[in-house]
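Please find one structure pasted underneath; my questions will follow.
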Amino acid sequence: MTTFLATDNWYDLRDLANLSREILEAADKILPFGVVYVLAAVIGFVASFLIFVLPSQLFVGVYGERKLIGRIQSRYGPNRVGPFGLLQPIADAIKLMQKEALTPTRSDRLVMYVAPIFFVAPAVLLFAVIPFGPNMVFADIPVSLMYFLAISSLPVLANFMAGWSANNKYSLFGAIRIVAMTISYETPLVMSLLGAVVISSTLSLQGMVLWADEYKIWLGLVQPLALVIYFICVSAELNRTPTDIAEAESEIVAGYLTEYSGMKWGLFYGMDIGYALAASAFAATVFLGGWTLFGLEKWVPPWIIFIGKTHLFYALFIWTRGTLPRLRSDQLMAFAWKFLLPLALFNLFIVVTERMIWSEEGYDKAYIYLFAIFNILVSGLLVFAWARFNGYRPDDVPTRPRLVKEARGYVPLGENE
Amino acid sequence: MDGFGVTVAFWILAAVTLVAGGGVMVSRNLLHAVLFLILSFIGVAGFFVLLSAEFIAMAQVIIYVGAITVLILFAVLLTPRASRDNSETVWALPGMLLAVCLAAIFLFVVHDTQWKTVTDAPLLTTQDLGHALLGTWVLPFEIASVLLTAALVGAIMLTRSAEEEAEDALA
Amino acid sequence: MSVGIEHFLTVGALLFCLGLAIALSKRNAIGVLMGVELMLNAVNLTLITFSRFAVSERPITGQAFAVFIITVAAAEAAVALALAVSVYRNRETVDVDQLNLLRS
Amino acid sequence: MTGVIKSEPFVINIGPQHPSTHGVFRIRATVDGEKVVDAEMVMGYLHRSMEKLAEERTYTQNIPFTDRTDYLSSMSNNLGYCLAAEKLAGIEVPARGDAIRVIMAELQRLASHCMAVGAFANDTGAWQTPVMWCFREREKILDIFEVTSGARLTCNYMRIGGVAFDLRPAFEPMVRKVLADLPPFIEEMEQLLTGNEIFVSRTRGIGVLSPELATNASLSGPMLRGSGIAWDLRKADPYCGYEQYDFDIPIGYQGDSYDRFIVRLEEMRQSVKIIQQALDGLPSGPFRTEVPLALRPQKGEAYARIESPRGELGYYLVSDEGPAPYRFHIRPPSFINLSALKEMTVGGTVADAIVVLGSIDIVVGEIDR
Amino acid sequence: MAEARTGVAAVTRQLSGPEAAGLAETAAPGSVDRTTETACYLKPEHLVSALEALKTDPDADLVHLTNLCGVDFWDHFEVVYHIQSFDKNQIALFKVDVLNREDPVVPSVVPVFHGAWMQENETYDLFGIKFEGHPNLYRILLWEGYPGWPLRKDFLAMPGGLQPGLGEFAGVSRRQEPPMKVLE
């Protein structure tokens, strides 16, 4: 992958992997066997913490979210701690650490303690396969897409453990809801990603980025329906607001987190943002071309492009959170099974057909643009047709009440003044 | 398979898998047993990675951990008044005896056989697996998909309540 | 220090026997199912081990069989749990030694 | 088959400390899974025995108490009580006083409905955004109250025989500004929520009240109108000269939560219309009749009622010629509107119960008094 | 619309006591106890049937139980019912005397008006008037076991003649003594 970069020199910060490799090679000569693995892990951790986690989780996930939602809600958002309130997330973290971590008397103490740990671990593991740059990927395994899906199916168990162990009815509600919802939404999610896999014929995330670079088109444009379905499904699995029935504040207080406090709650809260960032990074990689930007990555460090895309996608989560009301749990289930899954299947069918045509034409580049235009049109059509088929009639809903001049008791429907 | 890392990984995974499996056996709480089962599944997935079968490992995590255990949890929650103590029947002792005998036979076979092994791992990609599944084994593959569909329909039919059946009969 | 095929096969065998013991001894039908799942896992592990170590023309066959076993396990789990829930609805228990409708 | 054994119904306490009970109100719901099979109201956490306290205060001293019943519409509560006392003592209010009362009551309705609409949207899960938007508009109205009466929430502005002070010079421009700002805001709010498919699907067909049940359960206000009953005391039994103003009664279609919501939105538009007319025709002259401080009405009883934002707010006063009311009874609209809560929630899910509760628009201070 | 319903008055007609009594007599003969200028007193034993008849009677059409409350007159209680009609736009005031102060019992009107559920519970809670036939009579605002009935005039009355109520202004004669001593 050196074709992307002019040099392999350590000072070429367009790919931080160069610097890391130089350090490791130098260290390998002087340090005893095995320590270099630890060093690699430390360097990777520190680097990712400095360039990604700190800016993203604290200043986009917490501060940016609160600020942006504040603007949506016509208020200021945090502006007291530090310049422009930038230190607010840190102040929040300090406050959380000082709080008492309560455990209800009749709870299952062990499970309640283990649940946050079980929740945090997959969030860290998820970033291992995300390519930040041409060489900046910790584990470039050939099935990294599968890896991502597999790891992201783990936190639901932690959520369940949290909800079940607290011995609280609201928590149990939240636990059952999140388990049911994850089962429902995993299916259309995988189906939609299958479309991307079929068209790019790779299971590797790095491979998908390279595919996007080779054909100079984002998979999100070839697979618009898959992108939309992915976004909806992932926001459902991550409990973002239009679909946050598992911790629906106005219904079941805080769902599975009702009995958590202090830093145990803080771990859940922070890692919720972590998962959302991971999902955004995944979407940026698969659907938005990853670290490539049509040649710009040769001059701008690719990891900056990638992080920018991730944050842009994350802004979508914030936007929906600030705007949309919440669906009821049965509506959410029905939406997954009756709407998203058939659409994902239709999409898969179309993609497979396209792929067959494409392979017979010898993988001509022009075809992919044709497919993109076709898919965008057909996706819109499909969504409206299927909504219509499912009985969606927006015009039947009156937005204004009837108006009557005089008080006169019951006015039957149809008798209007 | 040589190498310090591989060896350490093997022993850690073996310990996790077997101890978690034992946890399923001895745990006095059904929910705890399920959690141990998850740990055991993850350990087996680790073995698959160690045996350079990444695809199977990921499938293991997605299907076993992500789907089957969740189903089991659901089943536990849907049977609220059944006993949750994960106790044994009267067949516990004979069953364990049988298991121990079987284990002895297996271990004898494993250690007594002269296995002809390759030293280097064969280069198996996901593509190969795809070709195998849709080439050589296409008939079993299709049968498996039919089986899955049948299981899906069967499970739905089994869990329908009488009310729903009555509603369908009316419709 | 190295690990070979025997090590993996031993783990697989032990896991299988553990699953067998659980499946034979547990009172709760869901517990029995967990034992069966463990056994299937052990079989999978053995298959993958052979696929990795055995001298073969097509070592991928082991992995292909593992895929089939995972499929069958998923189907089996779905049906068995549906059975358990269905039995619970009618008998209000999922204990296997209580299910003696044919005997009495 | 020995019959199907469903999952075990269990009791879940929605409240008293719950984000969506709008105060310390509690529903003891028996649920089967997510489905509510029984709902029981538990209230009284905020009971201050206002009716007893009022028997120990003079008629004028009681006015601040009425602020504290329905603290989201104190002007309306002042008005209702003053009307009852005036009816009991036979006091006429000058025309300017009536007009000021109408303006204040309608401004209060706007402020209260802002709160109701925002909180209702919040109950459906719109995370704080509608409620913040509504608060922005409500603040402007509260500013007017502050300029006029010196207080924002518990205004204590009405007096028996009129109002406490005359309007300030800053009053009219402020009201004009609010009147100019509000219609676009209501339009925006309507587009934001009624144009939202999720909101519509959460509220349509939820908590349906038939007109028969609405009548029989003594409901009033938007609850009654949402069920298609055209009944507004401002039209049916005009007080304070409401008969001079031109406005319409909005009524709903099928009596669900959505209808109650759009009825409230439309009432805000009508209120803007009323304030416009009242402000244009604001008469000059005295704003209050002089009333003795120690008012001693003749023996008798009086029941006066107004259309408060939540429904029919009645005050029943009995006098024994003493300086304090012999009996002081409030007919609290949101207390009585709750009597149909069980009928509306049972059969729905827990999430629906929250939406239904939000559509009733309760104020716990008024329920518990 | 207005032509179709000529009977609708522009202002709510407050029925006087005799008018209300006339309606009640035609709807349910023998149910009226006595009338005053504003109110019509119904006999407790005929209360439910009279209100039921008034609700269905097309002339009365009193369908909406607006207000229900109790009043303590030291020697007896009164339960007050304000009932209104939407179609006729009229409101009537009915009352029931509760003479037995030790064990006040009134028939419940919940079978007729569902809305009486809350208000009767409240009246029971604060006055201790039992509503016979109420499906679930409990202390709705106070807690079970609260000592006494707060809105009764003798609640918190001290032995020795201290009565609850407003103290007098200077120069005004003391309030008249209550008609009967309830507490010693």
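Read from first to last, the chains carry the letters A, B, C, D and E; within each, the first residue is number 1.
Going forward, contacts are C-beta pairs under 8 Å (C-beta built on N, C-alpha and C of every residue); 3 or more make two chains touch, one makes a residue touch a chain.
From a predicted model like this one, the values you see are computed outputs, not experimental measurements.
S.K.: Following contacts chain by chain, what is the lowest number of steps it takes to reach chain C starting at chain B?
M.R.: The least step count works out to 1.
S.K.: List every chain that touches both chain D and chain E.
M.R.: Correct list: A.
S.K.: If you average all the Cα positions, which chain's own average lands nearest?
M.R.: A
S.K.: By mean C-alpha coordinates, which chain is most distant from chain C?
M.R.: E
S.K.: When A-D is set beside A-E, which has more C-beta pairs in contact?
M.R.: A-D
S.K.: I'd like to verify one number: the distance from the centre of chain A to the centre of chain C, where each centre is the average of its C-alpha atoms, in whole angstrom.
M.R.: 34
S.K.: Mind checking the centre-to-centre distance between chain A and chain E? Centres are C-alpha means, answer in whole Å.
M.R.: 62
S.K.: Quick one: chain C and chain E, Cα centre-to-centre, how many Å?
M.R.: Once rounded, the distance between the two centres reads 73 Å.
S.K.: Mind pulling the chain E residues that touch 2 or more other chains?
M.R.: 86, 89
S.K.: Going by the contact rule already set, what residues in chain D reach two or more other chains?
M.R.: Where chain D meets two or more other chains at a single residue, that happens at 1, 4, 215, 229, 231, 233, 236.
S.K.: Two or more other chains touching the same residue: where does that happen in chain A?
M.R.: Touching at least two other chains: 405-410.
S.K.: Which positions of chain A touch chain D when the two form their complex?
M.R.: The touching residues are 69, 72-75, 169-170, 173, 241-242, 244-245, 248-253, 321-331, 392, 394, 397-413.
S.K.: Show which residues of chain D lie in contact with chain E when the two form their complex.
M.R.: Residue positions touching the partner: 41, 43-44, 47, 49, 51-52, 55-58, 213, 215-220, 229, 231, 233, 236-238, 243, 294, 300-301, 303, 305, 312, 314, 316, 318, 322-324, 326-327, 329, 331, 335-336, 338-340, 368-369.
S.K.: Which residues, counting only chain C, touch chain B once they are in their complex?
M.R.: It is residues 1-11, 13-28, 30-31, 33-35, 37-38, 41, 44-45, 48-49, 51-55, 58-61, 63-64, 66-68, 70-79, 81-86, 88-89, 92-97 of chain C that touch chain B.
S.K.: Where on chain E does chain D make contact in their complex?
M.R.: So the residues of chain E touching chain D come out as 10-12, 38-39, 63-67, 69, 71-72, 80, 82, 86, 89, 91, 93, 113-119, 122, 126, 139-143, 150-151, 155, 164-166, 168-169, 172, 175.
S.K.: Note which residues of chain E are touching chain A in the complex, please.
M.R.: Contacts found on chain E: 1-2, 5, 8, 86-87, 89.
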